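Presented sequentially are two complexes of chain A, the first with chain B as partner and the second with chain C.
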Partner chain A sequence: MTAQAFFIGFFGLASVWFGIVVFRTYSMMRSAIALLFSQTALGAMFLSMQAEFLGVLQIMMMATEMSIMAIFMVMFMMDPGGLGEMDMTHQKRLSLIAGFVSFVAAVAVAVFVDWGPVATTFPDAAQQTVDLGLELLDRSMLIFETAGITILTAMIAATAVAIQPVKKGDDK
Partner chain B sequence: MNPEISMELIIALTAGAALFGVGVYGALSQTNLVMIMMGVELILAGAMVNLVAFWRYLHPDVAAGQMFVLIVMTVMAIEMAVGFAIAIARFRAKGSVEMEEAVDLKG
Partner chain C sequence: MNTLIILVLLLLGAYFVAVLENWISKGRFQLGAPLFAAVAFLGRESFIPRKPDQLFYEVGPVLLLLSAILAAAVIPLTPDLIITDLATGALFINAALVYVLVALLMAGWGPDGAYSMIGGWRFLGQLIAYAMLIVMPITAVAMRAESLLTTQIVVSQAELWNIVYQPLGFVLFFIASMALAFLPPFDMMIAKGELAGGVESEYSGMRLAIFRLGRLVLIITLAAATVVFYLGGWQGLPGIGLPPWAWSAIKILLVTAAMLLIGRYIPRIREAHLLSWCWIFGIPLALLNIFIVGVLVLEFP
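Right after this comes the complex of A and B.
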């Protein structure tokens, strides 16, 4: 086993383990932190696969995203500290079966499909970033711009939905 | 199983499958909207691992592979923004984001 395979496996295992911890703990803060660790381990896994740009982007984005999520968890949960050990699950058996079946099906596809020859040459980190930059400004420009506009629309829609409704007579 | 297939690719795809499975369990079993969103995040993370692995081990010369990962990250950000907006609206209206209490949303 190569060092790369070892580190991909290690960070993959860490990511899955912290993903499981998200749903095993009663504390909502621990859930949010476990998800942050899971996503960070994923970023480290990307770095192990020599996808430097994507790895760093993943760690930066998810650190911010999960910090916001932790704040919302404390705001909205009935028992954010988990001291009451409230069970906030339903249809557990069905969910376990669905999760396990989807895992087995995806592993079967990964193992039994002939993915073709593995690439022998690989661009270095600087070349990857150059290639991605050229791709974004060339063939995929429309897709990238559409993604930007969609985020902007989602932000406006989210603000419109979340804003406090003004009662009649209050708007002076 | 193809003997020429890369061990690294199989490990990455298995990790992606496990993340997907855990995400499916979370999205289906949790009753709180924020926890359901965490499950969806894990499902998308599983998809992202697969995309990076396919790009790295099968087509590293095609930069569009990285582009797909950026699109999934965009979907994650949008899901968070819209999901939290709905959570705020629901909390303001009913004082809770428990989905078992949201039967009034049923069509």
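Right after this comes the complex of A and C.
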């Protein structure tokens, strides 16, 4: 077993473990931080697979996103100290089934898809960044821009829906 | 070897920041004060709050120090003096610095104290304000260098430093890094008078020493990043024959001094006000900066 395989396995297990921790706590803060570390471990997996840009990007984005998620949860629940003993699970049966089905589907894809021959040579990190940039702004531009705009719209819409309308003369 | 040298230099830098901060804020220039303070911290009793989240409480200060050091790992002080010249260096600095926020959140929430918790959430509010102003100016810098390698970014400024090439980006990055290092006037999360120290309030002894050291290292790291991104890194002014490391040192110390000095003359800014300023003016300006740099890069290569 090479060191690379060891680290991929290690971070993979860490990612799964932190994912489980998310649901084992009753505090939104702990839950958010556990989710963050789960995603960070995923970023570390990318790093062990020599995908430097993706790894660093994952590690960076998730820290911001999870923290902002935490503050949104706290704001909407008005529970900054996390003392509400909030259960992190809901619709248990549905979530269990959905989780299991997606797990089986992911494993099936990993096992049954013909991935082609294993690459023995790969471009160095700087070249990877260049290739990724060309990919994002060339062939896949439409996909990524559409996804980006959709996410932005969804975020703005979600925030707008969540804000209580302020009556005139009632503010402050 | 480089790792060791940079770590020692960071420690030295933190010492200088401490001396400077003492000098600028209290008007006392005492070279020995930081050392005595450090020894005193180590000798003091470490109070532990009654019901802390052990993990968050202990990890917070260490993570703050660690993320500042990690960010410094990709900053070149001379062409060779760099811990690791990552192909994604400019992005890696961002990634490491975001964990400053995670550290402060953990340190704020962990001790189970109202003051520190409010401090932690305040810093999160501040992050939403400054985060884009760190990322977008760095994007413009990388656009000019056509690389994320920090050494390449320095080399790209051989003819003209970025502070002249993209002054708007420099101003935004400078403000954002002051907010990131929670220097005055953006230091409401460790507000002494109002929150009894905010995030720091439940820490004492050794842990507080690590927290403070982490903050000092963070300040020097951000000053070094500013120098690398905007002030030509190790490159000197023509006509003055100083070695590259001396140029780096002089510039970093000047930027640090500027950061500390400016904060003394501006009233403190609440994170909510910073938030609205950053999103109404800062981000459009940062986008404008990217646009201008894009036009410059394409038209005058």
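The working rule: the second predicted complex is superposed on the first by the 106 of 172 C-alpha atoms of A that agree within 3 Å, B and C clash if a C-alpha of one lies under 4 Å from a C-alpha of the other, contacts with A are read in each partner's own complex, and residues count from 1 in each chain.
The criterion applied here is as follows: a residue touches a chain if its C-beta (ideal position, glycine included) is under 8 Å from a C-beta of that chain, and two chains touch if they have at least 3 such contacts.
These figures come from a predicted structure and were not determined experimentally.
S.K.: Taking the superposition on A as described, I'd like to know which of chain B and chain C A:M141 touches: first, second, both or neither.
M.R.: Neither: A:M141 stays clear of chain B and chain C.
S.K.: Between chain B and chain C, whom does A:A125 touch in the aligned arrangement: first, second, both, or neither?
M.R.: Once the two structures are laid over each other on A, A:A125 reaches chain C alone.
S.K.: Figure out whether A:F112 sits in contact with chain B (first) or chain C (second), or with both, or with neither.
M.R.: After superposing on A, A:F112 lies in contact with chain B but is clear of chain C.
S.K.: Thinking of the overlay built on chain A, is A:E52 touched by chain B (first), by chain C (second), by both, or by neither?
M.R.: After superposition on chain A, A:E52 lies in contact with chain C alone.
S.K.: For A:L152, is the partner it touches chain B (first), chain C (second), both, or none of the two (neither)?
M.R.: Neither: A:L152 stays clear of chain B and chain C.
S.K.: Given the touch rule stated above, what does A:H90 touch, chain B (first), chain C (second), both, or neither?
M.R.: first
S.K.: Tell me the contact category for A:F23 with respect to chain B and chain C: first, second, both or neither.
M.R.: first
S.K.: Comparing chain C with chain B, which touches more residues belonging to chain A?
M.R.: So, of the two partners, B touches more residues of chain A.
S.K.: Look at A:L36 in the shared chain and tell me whether it touches chain B only, chain C only, both, or neither; answer first, second, both or neither.
M.R.: The answer is second: A:L36 touches chain C but not chain B.
S.K.: Enumerate the residues of chain A that count as touching chain B in its complex and touching chain C in the other.
M.R.: Overlap of chain B and chain C footprints on chain A: residues 53, 57, 68, 128.
S.K.: Note which residues of chain A are touching chain C in the complex, please.
M.R.: For this pair, the touching residues of chain A are 29-30, 33, 36, 52-53, 56-57, 59-60, 63-64, 67-68, 70-71, 74, 80-82, 124-126, 128-129.
S.K.: Over in the complex, which chain B residues touch chain A? Could you list them?
M.R.: 1-2, 4-26, 28-35, 37-39, 41-42, 45-46, 48-49, 52-53, 55-61, 63-64, 66-67, 69-71, 73-74, 76-78, 80-82, 84-89, 91-92, 96-98, 100
S.K.: Considering only the defined contacts, which chain A positions touch chain B in the complex?
M.R.: The touching residues are 1-2, 4-5, 8-9, 12-13, 15-16, 19-20, 22-23, 28, 31-32, 35, 38-39, 42, 45-46, 49-51, 53-54, 57-58, 61, 65, 68-69, 72-73, 75-78, 88-92, 94-96, 98-100, 102-103, 106-107, 110-112, 114-119, 121-123, 128, 131-132, 134-136, 139-140, 143-144, 147, 150-151, 154-155, 157-159, 161-162, 164.
S.K.: Can you name the residues of chain C that touch chain A in the complex?
M.R.: 53, 56, 86-88, 91-92, 94-95, 98-99, 101-102, 105-106, 109, 112, 114, 117-118, 121, 124-125, 127-128, 131, 147-149
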